[in-house]
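Letters are used for the chains, namely A, B, C, D and E, taken in the order the chains are written, and counting of residues starts over at 1 for each.
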Amino acid sequence: MNNRVGVFICHCGKNIARTVDVEALRKEAAGLPGVEWAEDDMYLCSDPGQQLIRERIAEQNLDAVVVAACSPTLHTTTFRRAVESAGVNPFRLEIANIREQCSWVHPGTAETTHKAAALVRSGVEKARRTQPLEPIHVGLQRAVVVIGGGVAGIQAALDIAEAGYPVHLVEQGPNLGGRMAQLSETFPTLDCSSCILTPKMVEVSHHPLVTIHTLAEVTDVEGSIGNFQVRIRQQPRYVIAEGCTGCGDCVPACPQVVPGEFDRGLGARKAIYIPFPQAVPFTYTLDREHCLNQGPLIICDRCAQACEPRAIDFDQQPSEELVEAGAIVLATGCDTLPLSHFREYGHDRHPDVIDGLMFERLLSASGPTHGEIRRPSDHRVPKSIAFVQCAGSRDPERGKAYCSQICCMYTAKHALLYHHAVPDGKVYIFYIDIRAGGKGYEEFVERVRAEDGINYIRGKVAKLIPKDGKLEVWGVDTLLGEQVKVEVDLVVLATALVPSQGIQELARVARVAIDGDGFLSEAHPKLRPVESQTRGIYLAGTAQGPRDISATVAHAAGAASKVLGLFSHDELVEEPTIARVNEALCRGCSFCVSVCPYDAISLHEGTAHVNETLCRGCGACTPACFAAALGPRGFEDDQILAQIRALAC
Amino acid sequence: MTEHTYWRTPLDLERWPIPRGQVVVLAERCKGCELCIEHCPVQMLTWSADYNAKGYRYPVIVAGREEACIACGYCQSVCPDFAIYVEIRLPSPEAGSCMTGS
Amino acid sequence: MTSLAYYPGCSLKRFASGCEIAGLEAARRLGIELVELERWNCCGTVFSMSSGERMHHLGSLRNLVRVQEAGYPEVVTMCAMCQNTLRQVNNEVRGDGDSLAMMNRFMDEEPAYRGEVEVLHYLTLLDRLGSEAIAARVERPLTGLRVAPYYGCTLVRPPSAGIDDPEDPNIMERLLEALGAKVVRDPMRVECCGAYMGVSKPGTINVRASAIHGSARNSGAEALATMCPLCAHNLDAVGPAPDEPALVVFYFTQLVALALGAKPEQCLAATQRVDPRPLLSTKGLLEEPQP
Amino acid sequence: MKTSMGSGSTRIPLRQQVEELCEQSIGTCYQCGNCSSGCPMGPWMDALPNQLIRRLQLGLEDTTRFASPWVCASCFACGVRCPKGIDVPRVMEALRVVGLRSGEDHIGPHTIEKKRLSQLPQIALVAHMRKATG
Amino acid sequence: MLIGDRKQQSYEPRIVAFLCNWCAYAGADLAGTQRLSYPPNVRVIRLMCSGRVDPGFIIEAFLEGADGVIVAGCHPGECHYEHGNRLAERRMTTLQHLLGFIGIEQARVRLAWVSAAEGRKFAQLIETTVEEVRALGPFQQFPRRAP
């Protein structure tokens, strides 16, 4: 126990001295057990004030300090530096908050001084029981794993790699590009989506510091900030990447035609394929699920025979790789609510009821119709289209309670592009509210609204009835107060954005939280939007919540800058005020393990062990410990009990 | 009604030519093991009504499925008696389309 | 032979008797004995949805007490409206102990209802047997008969009282397929026929019936199958406007009885405005089943 | 203006009255109109269901003058489709109850032709009487 | 001497408050910044999280002469440490069941959620707690420990 405590009482001008009798307080403090020196000063936080503390430490050979002043949130760092420079361990400083929680809130009566004295006494009792603590230094692996090869993942990977750090970009599918690659044009500028994405894809694929893992998944994450070990499982492509020249000779040879995922089933592909002409890497993929060779027996090898460079390898096996990384960026993107969800809109599974992403493929020059809008049932050019917004969004009862953010805009874009392609076509947009809150967005919607032949109808659609090759849309115009029935050739549902499949498993593996809708949870909705609740793991793009391309890119750049901020240090310096186990007392009951919010405690050979980089010192484990074997440094039981004794009497 | 996500007929099927083949059966070599009929991925083979000289039924093409052969070569690969083979016709866009797979 | 309590309701004893006669015959042929409750009263026809009108539930509640007295855990209904009203009242009192206690006090001449009876619709009963078991009993498959099931409202809505998905039900389709019929999925099959509004606004029913008949016809149906006496009345007895063609409207039970080999007079006992016999005879469904 | 006996200005506001009767939260409606889109009786209504709810949200006491609740066939389609989980049929029922409590029936045997009366099935008559008479 | 034996004088309840660093303590600081006044009967112990509060601390406070105890943390769902406040809630709920058994009125122990933005709420919390504990009278069930 330290018995050479110095107490320094600040007047804070008149802020404290107005209501607290500082002189009485000093006298009281000087008489407390363990106090070697007590002094007051006008402004302790000023340079002369700090100098005073330093001098007294040296003169009086103090080994712990109590500063009675303002809130510790304001000047802890100031006074820690001051005592440290005088040779006292900074964690032997205690602050008694006699301003915010005493002099400012109570009148100038004896009772206020009385309270201040109690707070000082409490501080002294704690200070006497402090131990010297050293900050924890942790090495830092300056490499990143970015999970998800869409525009968010690409942006984050490029930003980090440009700063000079190696990046592993892990993509589940056979190629990069994500959702953005599927889009035709982007709102509100009508830039061609693949034209602006392709250069980025090429850049990331050629970057010497970026390693791209396609057909790959992260199956396990160990470790913590600065030192993650990420297990990447690589699915076989059955095409040797180095060998494939992308000539495509294998494709006509393949006898198996299947609906392609990239075209949302509106376009076909072979069992050996490349999803789209700009794909990166430009390597073909053999889809064994649809290949004729289902067993180990290879009988149809027509693709292999057609392949001049002999790049097809039916014997490829899954492989695993363990990657060291200091940070992880999750950019797993989004999906849309499946059309089968909407039983009232397509109970007969009408081919001409499609979702917005399918319509993007119909509009896309690289799509199945080369950009000509044709409806799936009979390939005719639709003469009328109904767009149904909020299909599953803003529908807490049967869909998702949230607004999907992008549907108002892409529906307006769809209407405009269709109208340009089919000038005599009729468009009916059924909406509830138009949400166009981006730069140039409202202007874009206004432009679409002004088009002749595009009708915005305020009201939700209850049902679609197939009728004589058309679809009868049952809607309402809530502004007119009349029911609306229109027969159209094609119905496009603006389906709600949902997190990608598999995100729950990834969240479990990476130990990040997900919200009630399945999106990844940010650390703070306003102030820490790109950080997950797990340190060292950052979020980018629609994995965290619905957003459009520009917001996704900004979010990803934000995540990258957080990673770079982390990497700007030589090593991680962690506060030492974390939990500590007295191994002699620990009985290995594991109660602490179950209460720790950070999975920072584990049992090794029957004794609790604290991972110093995961522990954040909340102290939740301590009350759970029956053996009193566990306590957070700086807030240990004996310190708090001494404070209680000092305060309660 | 399929629950498969992508159940619509792709709009560009005709753009995806499928290699075509012509199955040739050497009936007299066949000893009726059924492997070719069993393995044909487009189910275009069935038993003949009559018997060959050895007294076996042999594979014949299902009526109406003459054009179904995708020249995969399964039948000739599995035939233990070299009694069936496929002549490959070059894929052509107008060869017609038949979507296979699930 | 399984024995179950049976609540017919008023319509099945009068203008919808065809539904009951065929339904009972079909049940007999499937080895199910439906024992009609000794005393029963009107269910109230419609469920009162207002918090202040609990007394309207008494009719249904008394019937549930009758089932409880007779010692059956379940009661089978054929009428869609009866099943809806009984089920909703049952749900209401089960979910609200105070309400049940109040109602029991009010019916102090009756034994207190304990809330344990389950209301079961005839369709659910058949579905429990399973398509395969029913298909095995079919003597006169409805081959070639293109039927559009028509659910109307009260079989499927509200979801708490419905027997299948409110937007996309499938139970009648499954059973009709088991009977060998060609099932037509009509998009209007859960849309309201106008219900009781025919009383005060007769014209509305023709409009609704036209839409429903027209949609089923466009979908390729030759007949509609329903389980609701009020739907049957509106779609058949009232029907579309006079100049518009009308499909044959069957009670679902009639098709079951027919397929299971019952005599045509048992299946088609009550008068149907649109005579089903010509349609059935073109399909050879009025002949004696082949052994 | 019609005034209920013994009520005057102390009468409970209509919205509160309806909310108590139907046990639904009228305020959650965001006027998407889905209830009205699929309403089979919509063509015969003088105000669509969403409009009635809007009027109730605003506390307009004259909402009771509309005929719509008496045209509603209680088919429950609106309630099934409401994205906000409002059981709209219950709101309609509450409006009917409010109307009936003022002592006015909206149908009676005398209003129906004798000949039709004998042709109408009891299920329709009982149902309609239950919904439209006090 | 400043500190007399208060039980001899007119009764002023003594409240010990355990505040989490991120929400409740910051809320108490805000009350100060806003110069809200509240009774000086409260003595604050700053902890990193309300989940650190051991029920034993509360008993200890009563043993040492406190008349009431406040535990305050972040609002549910806003815990700086994911769910430490939930642990506090569970521990306090259990403790509440046992208080009567050991002779402490339940009203003497209060669990509250105060955010960093709720200075006024903090001041009101102290006011109402002091009033309620004052009404209960001094806590004298336990013989005071010898100092």
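Worth pointing out:
Just so we're on the same page, contacts are C-beta pairs under 8 Å (C-beta built on N, C-alpha and C of every residue); 3 or more make two chains touch, one makes a residue touch a chain.
Here the structure is a predicted model, which is why all the values come from computation and not from measurement.
Under the touch definition stated at the top, chain D and chain E share these contacting partners: A.
Comparing mean CA positions across the assembly, the chain most remote from chain B is E.
For chain pairs C-D and A-B, the one joined by more C-beta pairs in contact is C-D. The chain closest to the protein's centre is A, with centres computed as averages of CA atoms.
Distance from the chain B centre to the chain C centre is 50 Å, each centre being the mean of its Cα atoms.
Chain A and chain E have Cα centroids separated by 36 Å.
Note: centroid distance chain A to chain D, computed from Cα atoms, is 48 Å. The set of chain C residues touching two or more other chains comprises 167. Interface note: chains touch in the pairs A-B, A-C, A-D, A-E, C-D. Interface residues of chain B, counted against chain A in their complex, comprise 1, 3, 5-13, 15-19, 39, 41, 70-74, 77-78, 91, 97-102. Residues of chain A touching chain D in their complex: 344, 390, 394-399, 432, 458-463, 474-478, 481-484.
Across the complex, chain C is touched by residues 343-344, 347-348, 463-468 of chain A. Considering their complex, residues 165, 167-168, 185, 187-188, 215, 218 of chain C touch chain A.
For chain C in complex with chain D, the residues that touch the partner chain are 10-11, 14-16, 42, 44-46, 48-53, 56, 79, 81, 153-154, 157-159, 166-167, 190-192, 194-202, 204, 207-208, 229-230, 233, 237.
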